[in-house]
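In the part that follows, the structures are each spelled out as structure tokens.
You will see two complexes here that share subunit A, one where it goes with subunit B and one where it goes with subunit C.
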Partner chain A sequence: MKTRNAHSGKKGQMKIQQTAFMLIALTLFFALVGIFILGFSLSGLKEKANLIEQEKAMILVSKLANSPEFSCAKTFNNKVNCIDLDKVMALKERIEKYEGFWEIGNIEIIKIYPKQEGVCTKENYPNCGKIILKKEDEGIYTSNFVVLCRKDFFMGVPYDKCELGKVMISYTKK
Partner chain B sequence: MKGKMNKKGQEEMVGFALIVIVMAIVLLIFLSFVIKGKSKQEVESYEASSFIQSVLQYTTNCSKDYEMNYQTIQGVLFECIKGEACLDGRDSCEVLKKEIEGMLKSSWKVGNESPIKGYSFRIEFEGEEILSLSEGNETSNYKGSLQSFRKAGKPVEIRFKIFY
Partner chain C sequence: MDKKGFQIAFSWLFAIIVGGAILVLAVLVATKILGIGGAQVSAETQKSLEVIMNNIESVFETSLVTSFSLPRKTQIVGECYEEGPFGKQIIRVSQKNFGKWSKPISGASTSNRYVFLSNPAEGKIFYIFSKQFEFPFKVANLIYLTSASTNYCFVDAPPSIKEELTDLKRMDPKLNIWVDDCPQKSLKVCFGSSSCEINVDYEEGVVKKRGKKAHFVGDALMYGAIFSDKENYECQIKRLMARTKELAEIYMEKENIIASRGTCRGSLSPELQKIKEIASEVQSSEDLLKYKEVIEEIRRKNENSECPLW
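Right, the complex of A and B next:
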């Protein structure tokens, strides 16, 4: 009788152990799943923040060409998506007055077609390929196509010359 | 005694199966959450549309009537539709093709290592093809833009697609 009781007690202990192990395993499993979901949703938040930054930059890059500081306005018959390069060169000279105005790291304007090399300065303009308006840090670039217009001269008479270009701005990843 | 043990075994098997089912459901929910998050990809077409707008305003070296009256791509397109040549005798349709081809090649680098697998640029007047330029392969993923306007009351359509 005693041996039978001892045997059934051992069996009961085994059962309790089994249940305890199962409970521990289940808790561990759900905890791991929870950690995964939490980690994923947190990384999603970071991704969302970056996406908002990217969207902000995209909106800015598509609107920059039509802002008063860049737009062709009446000088070039109110063309849309058009940057007045002569105006930008003048802006480059006093860019420090626009500190914090656009809230972005870099603003660059690149001539795409016809292709030209070299960074634009007062000396080599307009025979250059890139205007660096603002360069603060390295970030992720977003760009948009624009038409770059300036006044050119043929035998001393001015005419409108518009070339294909890109405006590039950078934003910092969170 | 044997029947009681069998019943207990069956109960344990049912319990085990239930645990497996619960785990599978949890895994499925988790997976669907992951997959749903990854499929959020937006296609932006603003680059294609700004490209067409900018191309149309580009100043060519094809002049009309007098030396300094240099035409934009849009102007040259109208000359091409009318069948008129540039002041220096060059075919306006040839100038149009050469300039747009140059702009496409400089702006969109096509290749296997590039994210852009190909592009197609097409101009139609009253449904009739004026110019068609393409490079690379056409894939099922693309960004595109359509620009339409009228010349003498008749429709001109420019379609541009970039394949990824």
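Right, the complex of A and C next:
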């Protein structure tokens, strides 16, 4: 009778151990599956964040060209995607005030046609080819073609001079 | 017999304890994942909202309307701060998940955006439209955000406003703005009457809403006063004035740059200096009214100048 009881007790213990092992294995399995799903969805999230950042940067190029600090406005007949170069040169002198204002890394404006060389300074403007407004870090560049207009003078008479250019901005990948 | 009974009770007890623990753990994990999911959706909505706003701000010069709908009930709150050279605005988004609002997700603070909304804007569908604010040069494109659950009905508005709103309605017939023909459940915006929820004195430049007065110069600010609450509106005025001051400096410098290459008749430097002073003096929307005439005069002088600056 005693042996039979001991035997059934051992059997019970074995069953409990089996159940416990099974439960631990199941928990581990589900935890691994959970981690896998979470990792997968988080990697998708990162991709989505980069995509949104890229989309944002592309829209921002247009936004920049039409913002009051850059835009040609009524001075050059309300042209869309038109940058007033005289205004940009004025902005260049005060760019530190605009730190973090547009939430972008670098802003560069390049003359495409007619092509000209050299970075613009107060001294060589307008006979130059590139205005660097902000150059902070290396990022991914996105650009948009724009019209670059300024006031010029012919025999003392003012007229509007417009050329073809490109505005480039950089953003950082997440 | 007793001992056997105890054995069965123990295995049951073991199963209940372990089963319970697993269930509790599962519920906790599920809640956490749902919470993360909710926050993720809020963050995505927040980012998409930023893109929509950038888009509406940038591409078009005149008024434009766009709408966006969300799968869940959403609360959008705009917080305005005056600190820094241009102040800043933070948009917080929170969504309803199983009857509970998720933790508000805030986007990066932006210094270059001016969103006018009645805090909090709540619903599933939202409308955004923008309008250019000039003082006297373009300062910014103002954004107005409203929930589709609130209908605004403009009664006896001046012809220019009626025309503009009708055009907006044509762009999106479901827009929550009505002109004269008011739906039953709507917030009435009355011009020339003082018995409505929002009353506008267009000539004097005053919007009276919930017993509070907000002053405006130009239609862009009038819409701002109508669609936002007083605190948000006054804060945005200060931010806009900070940008006006900086733009006046840029135009002064621009005049110097042009002058270094040739001569234009009629300098605008004294006027730009005046704008700088005005922008510094404006402490509330009420102050704007004092300078309405001066600003109009400067605008005319620029238009008649040989080399207009803006």
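Simple rule for what comes next: the second predicted complex is superposed on the first by the 131 of 174 C-alpha atoms of A that agree within 3 Å, B and C clash if a C-alpha of one lies under 4 Å from a C-alpha of the other, contacts with A are read in each partner's own complex, and residues count from 1 in each chain.
Heads up, the rule we're going with is that contacts are C-beta pairs under 8 Å (C-beta built on N, C-alpha and C of every residue); 3 or more make two chains touch, one makes a residue touch a chain.
This structure is a prediction, so every number in the text was calculated from the model and none was measured.
K.L.:
Counting only touches as set out at the top, which of subunit B and subunit C does A:A49 meet: first, second, both, neither?
P.N.:
In the superposed model, A:A49 contacts subunit C only, not subunit B.
K.L.:
So in the superposed three-chain picture, is A:F40 touching just subunit B, just subunit C, both, or none of them (first/second/both/neither)?
P.N.:
first
K.L.:
Looking at the overlay, does A:F145 come into contact with subunit B only (first), subunit C only (second), both, or neither?
P.N.:
After superposing on A, A:F145 lies in contact with subunit B but is clear of subunit C.
K.L.:
I'd like to know which partner A:A90 touches here: subunit B for first, subunit C for second, both or neither.
P.N.:
The second partner, subunit C, only.
K.L.:
Examine A:C162 and indicate which partner it touches, taking first as subunit B and second as subunit C; both and neither are also allowed.
P.N.:
first
K.L.:
If you stack the two complexes on chain A, which partner ends up touching A:S62: first (subunit B), second (subunit C), both, or neither?
P.N.:
After superposing on A, A:S62 lies in contact with both subunit B and subunit C.
K.L.:
Which of the two, subunit B or subunit C, is in touch with more residues of subunit A?
P.N.:
C
K.L.:
On subunit A, which stretch or stretches are contacted by subunit B in one complex as well as by subunit C in the other?
P.N.:
Touching subunit B in the first complex and subunit C in the second, residues 62, 80 of subunit A appear in both lists.
K.L.:
Which residues of subunit B touch subunit A in the complex?
P.N.:
Within the complex, subunit B contacts subunit A at residues 19, 23, 26-27, 30, 33-34, 37, 44, 46-47, 50-51, 53-55, 57-59, 67-68, 70, 72, 102-103, 106-107.
K.L.:
Going by the contact rule at the top, pick out the subunit C residues touching subunit A in the complex.
P.N.:
By the definition above, subunit C touches subunit A via 3, 7, 10-11, 14-15, 18, 22, 25, 29, 33, 40, 44, 47-48, 50-51, 54-55, 57-59, 61, 85-86, 108, 110-112, 137-140, 243, 246-247, 249-254, 256-258, 261-264, 303, 306-310.
K.L.:
Considering only the defined contacts, which subunit A positions touch subunit C in the complex?
P.N.:
Spelled out, the residues of subunit A in touch with subunit C are 5, 8-9, 12, 15-16, 19-20, 23, 27, 34, 38, 45, 48-49, 52, 55-56, 59-60, 62-69, 71, 73-75, 78, 80, 84, 86-87, 89-91, 93-94, 97-98, 100-103, 125-126, 151-153, 156, 158.
K.L.:
Within their complex, state which residues of subunit A touch subunit B.
P.N.:
22, 26, 29-30, 33, 36-37, 40, 44, 58, 62, 79-82, 112-115, 143-147, 149, 154, 157, 159-166
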